[in-house]
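Shown next, in structure tokens, is the structure this report addresses.
Residue numbering begins at 1 within each chain, and the chains themselves are lettered A, B, C, D and E in the order written.
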Amino acid sequence: MLSPLEIAALSLSLKVAVWAVGCSLAPGIAIAWLLARRDFPGKALFDGLVHLPLVLPPVALGYLLLVLFGRNGPVGAWLHDWFDISLVFSWRGAALAAAVMAFPLLVRSIRLSMEAVDRRLETAARTLGARPLRVFLTITLPLTTPGILTGLLLAFVRCLGEFGATITFAANVPGETRTLPLALYTALQVPGGEADATRLAFLSVALAITALVASQYLARQLSKRIGL
Amino acid sequence: MLSPLEIAALSLSLKVAVWAVGCSLAPGIAIAWLLARRDFPGKALFDGLVHLPLVLPPVALGYLLLVLFGRNGPVGAWLHDWFDISLVFSWRGAALAAAVMAFPLLVRSIRLSMEAVDRRLETAARTLGARPLRVFLTITLPLTTPGILTGLLLAFVRCLGEFGATITFAANVPGETRTLPLALYTALQVPGGEADATRLAFLSVALAITALVASQYLARQLSKRIGL
Amino acid sequence: KSETIEILAAASTTEAVTALSAALHQEHGLAMRTTFAASSTLAKHIAAGAPAHLFLSADIAWLNYLAAHDLIAADGRVDLLGNQLVLLRRTGDAGARGLAELADLDMALGKERLIMGDPAHVPAGRYGRQALQHLGLWGALKQRAVFGASVRNALALLARGQGRFAIAYATDLRAHDSLRLSATFPKDSHAAIVYPLALIRERESAVARKAFRYLQGARAKTIFEQYGFTFLPNTR
Amino acid sequence: MLELDLTARIGNFRLKAAFRAEAGVTALFGPSGAGKTSLINMLAGLLRPSQGRIVVQGHVLFDSKQGIDLAPEARRLGYVFQESRLFPHLTVAGNLSYGRRLVPKGRTQVDFDAVVDLLALAPLLTRRPRTLSGGERQRVAIGRALLAAPRLLLMDEPLANLDGPRRSEILPFIEGLQRQLGISIVYVSHNMDEIVRLADQLIVMADGSIVAQGPVDEITARLDLRALTGRWDAGAVLTTEVAAQDQRDALTRLSFQGGDLWLPQLSLAIGTPLRIRVRARDVSLALTPPRGISILNVFAGQVIEVGEDDGPQVDVLVDIGCPLWARITKRSQRELDIVPGRMVHALIKAMAVDRRGLGSEPD
Amino acid sequence: MLELDLTARIGNFRLKAAFRAEAGVTALFGPSGAGKTSLINMLAGLLRPSQGRIVVQGHVLFDSKQGIDLAPEARRLGYVFQESRLFPHLTVAGNLSYGRRLVPKGRTQVDFDAVVDLLALAPLLTRRPRTLSGGERQRVAIGRALLAAPRLLLMDEPLANLDGPRRSEILPFIEGLQRQLGISIVYVSHNMDEIVRLADQLIVMADGSIVAQGPVDEITARLDLRALTGRWDAGAVLTTEVAAQDQRDALTRLSFQGGDLWLPQLSLAIGTPLRIRVRARDVSLALTPPRGISILNVFAGQVIEVGEDDGPQVDVLVDIGCPLWARITKRSQRELDIVPGRMVHALIKAMAVDRRGLGSEPD
């Protein structure tokens, strides 16, 4: 039913999205916490920075990534010299691009959900002898799980759709960085490629809707479990 | 300080973003309410549809818009015949593309905030004689304002950064659809255009951060006012 | 021997280069991996250190950009392909059918739009502007011209009825059911359309050279011409 | 006035209740988890019973057979919740006015200033609910419900968070509501004093069903409900009438079937009917009328019944023209030979008559 | 044990309080908005005073001069909140165990099953807080705080939402806590009965400052605090000792400075000290010792003081070996000629001795 090319694009998209989202989770939670529960000078600016990927055109962001993480870029050179990792032209680069683009969505969801957690529960936990870290892990975090799930979903879906930054930074390498959107783009570049493009678009949509429905179901289960 | 081209792009970006966000607000609130407070068959699918613009590559979405709203498209033909409005090549088209891309973010923010409103307050209002619509307008909506503000901000910022769908659907018409990201893209396509691109990127970032900081301030004021 | 050749090629050459890489593998057992994007994007990848052996650009400017950065191997540059600039219309568009010669373009266009790549950065757009200027039409048409982000984008707009004519390459017409040729721009009305091929210095190797030569060979000529390009080098 | 017959299931909890309440104040009493809040929620339309019927003042609010289920706002039942549920985005004044604006044209409005004065809300009017203490919050919630001028007021332990003085300040107003506006109240409380003071009818719930229902005097006099109502609270309720005022001693004479009862002065017109609760524990028995004693109210009567009890005390039902319960030690019972048929004198310490059991607070 | 001297400002509200409490139960009493919750929050470290010092059992928890301000979790003070604040994502069992797991190794743990039994939580253990009724929720909150084995327990009206039977079920356990674990409690309540029953020391607050403080007997006997403590609650507290048990009549004899007092049986060892509250309204006076009466406790004494009062009643202080307040009508006072120096007999109805004023609940 699916052509090998489509299967390759699909599995690559999944791999890239899973890695991107997986690696963003911990820093995402940390930054969401900073923004939801801490006050520090320059917070508004920091908040702005976190949101940058949302406002910059993906192509510009991809270019920025290229400048930073390209083999000649400051971070890229270091990664290459020390770990022999090259991000450009590799699925890791695609994952990085996707992660950067999806990060604000992840952070925002978690943050909102965290802000909604009743602080009085946290103080109650502290009077029961729990230190802030434990309070965070046993009260705040579990009560934030619906937000985390939502954030993961949004980020995942955003990663599946990421195009501009990926093609600019990681390029359009078949089997390595040619995710579904890039394959779609490629199909559109070929005269008469609309049919292929439509198939790929449907594939993207089906994937996203599956993810959405699954997460909805999960979220409901979760909400029931945490008794909200 | 800014070149006339930059000023044109900047003011166009603002115009497009303001219109896009302004027109999305009412349907955004309505759909957020549907998703937050109603259960109906096919809700998961509907939710998926609302999130589509997030998952589809912007270019594909722009193409879809072109198919629907192009002069020969079902909606586009109708608009053209009855109202003599053409969206393609006009800033209205750019606003439509931006609105569609930003819509999921708007809806999600509002919805989350709405879900966090204590339903017991709503039932209290009903026992005081308020019909559901009044309850919505006097209790739910005011308590959702922080979420609406956040949603507006996110959508606004997303509109400022929208590129792929705009360029595909509304094309790159100077003064009409050449928003900041399109100008940035154009600059990046020209050898040696990096300096211009950098200026434009800074402009985008400054605009976004201004919006973020302003909204943060507004949100704080608002939260104080609604006593949360 | 197991080295894979990385070729970065302009998006408009997607089909031809894909076919060529299959042929190369078949004939010489060499693996060639293709990457397609806008020439600008690809050039910047190379400048950023992307592991590329070959670069097929749709625009001389980006090759010059790489040359300026001293990224091209000595003797590693050739004008590979040429193309023709054409004016296209939609199948069954009665208003566009009336165009007898290019000089009538203004009248045939009427209040409609002329779609072309952005002259600021899309080569086809640049050539189109040159041609129209040369024909003395630019002044009258400028206001009705709209710019796509790429030639493909311009064609999509035309196919959707967003304008009456579009300026594109002859290669774009292939397999596009809904588009028809209206006119061909005279060769002298614009700068020569050239797709230069470059061998990247950093990754220069015997295999890369071999592929570089193969792309200028007889088999390449057949394939490129099959996809509508003019083949420029003298076949060795 | 209120007619109710419901069955419902909430989680594992099953509720089955049927009663008919006349105009006035109906108290719902029962242990924690008995289903009082659930019942009142079904009345208000916030919970849907699995089947049954609810009729308030002739209006059918719910009828599973006829398929009627009015929306909460259409029921026009005021609700003071266990938690105050104030609107956080409105000031206290905004909260108070919320329902007031929605009062249908025809209905009498409740005077805003009167409510504000009574609940001592004036200094809070511009404050936000968040900054109020628990008690302050509940006072506002009561005011808000009052100002919506409902047909029937549902109150779920509205005074649970209030301190003594505030409680007795608000109580007369709740009573006044019933008298002045003719509004009926369904009142959930754990506090027997409040119930006796306010309620005309008492419904005792336990484990999701109604254990007893009837006039407050009857129910409180029943010994078999003590496990639920609490031993301290057992007693009799006397239906009396103001007979005379003694200005010098600041005493009021009430007449009832058993004779005259002297009470600290009540500012009530002569002829006013009054319900008075005499707790069994406040009644002593003597064989001869004691003299030179500060107890003013002594009534001759005959022992009708001596309750069986395992404890050190027994409850003795004495007929003094109407039934009166006295609680004495077993030792006294034996020493005084209190048996049915015996003539005794019941001593009610004037001050021990629970004035909170009166229709209005005199001090 | 607890030493506190604080000033603070919350919004427009100013709080200034200083006291020193000995081990045992310290009650905080005061009208709504007096600042009780605020004070207790500062103790727990949830609100920061503007200046002052808090010392608990020798540990300085807060000292603005020394710059000490321990974190709430480092203070190890248990807190039962006015609202229960249960963790919604944990079952009841999970809530109960939360603090228990964090008890430092060295400290004695409180027995889980004992707490569960006592608070009747067994059937709730697997439930979620959301599905509990108000009373059930508060019981869990109390259990949770108890199981954290804190140095000092802060309770902010923990029983406000509980009904009578549950209340008296939990009270003995709270007392037991103090006796068995030697844990001290700061207990906020509006309910004088609870306070008298539980508290050793009483602190009366109003408008952000401390109006009175001292042993419970002293404070409750003060007439000048009645506006705050409520008139009903005025009375004397007798310090007694269990002297004998009368099995036949199920009575207990207590001895105190005024003689012997008979009470419904208390299952207490002979010699156990007991505090008993006798409300003024439960004491009558007679000129001659009455006979043939069911009142067991009659004490001869001398009138020391007759209170001035506008109302129909006066409070009379009688020395029966220790001070005792009696409340009688003005008419009786005149007719019996009750003036200082007069010899009288004070009648305390055995059953009228407020058993809730005892150190432990007998039934």
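The rule we apply is simple: a contact is a pair of C-beta atoms (placed from the backbone, for glycine too) under 8 Å apart; a residue touches a chain by one contact, two chains touch by 3 or more.
Note that the structure is a prediction, hence the values are computed from the model and not measured.
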Chain-touch separation of chain A and chain E, in steps, is 1
Would you pick out the chains that touch chain B and also touch chain E? A, D
Same or different for chain A and chain B, when you check if over half of the residue numbers at their contact belong to both copies? same
Where centres are the averaged C-alpha coordinates, which chain has the largest centre distance to chain D? C
What is the distance in Å between the mean C-alpha positions of chain D and chain E? 26
Let me have the rounded angstrom distance from the C-alpha centre of chain A over to the C-alpha centre of chain B, please. 20
Take the average of all CA coordinates in chain C, do the same for chain E, and state the distance between these two points in whole angstrom. 91
Report the inter-chain centroid distance for chain A and chain D in whole angstrom, where each centroid is the mean of the CA atoms. 60
In chain C, residues with contacts to at least two other chains: 44, 156
Touching two or more other chains - residues of chain A: 63, 188
Residues of chain E that touch at least two other chains are 83
Pairs of chains that touch, anyone? A-B, A-C, A-E, B-C, B-D, D-E
Taking the complex as given, what residues does chain B use to touch chain C? 63, 66-67, 70-73, 88-89, 167-168, 171-174, 185-186, 188-193
Touch list for chain D against partner chain B, complex: 44-46, 71-73, 75-79, 81, 83, 85, 87-90, 98-99, 102-103, 128-130, 144-145, 148, 150, 154
Please name which positions on chain E make contact with chain D in the complex. 11, 30-33, 37, 82-83, 131, 133-136, 139, 157, 160-166, 190, 192, 227-228, 230-231, 233, 246, 249-251, 262, 264-265, 281-282, 284-288, 290-296, 311-313, 326-334, 336, 338, 347, 349-352, 363
Can you list the chain B residues touching chain D in their complex? 118, 120-121, 123-132, 134, 138-139, 142-143, 225-228
Of all residues in chain B, those that touch chain A in their complex: 44-45, 47-49, 51-52, 54-60, 63-64, 105, 108-109, 112-113, 116, 147, 150, 154, 157-158, 160-164, 180-182, 184-185, 188, 197, 201, 204-205, 207-209, 212-213, 216-217
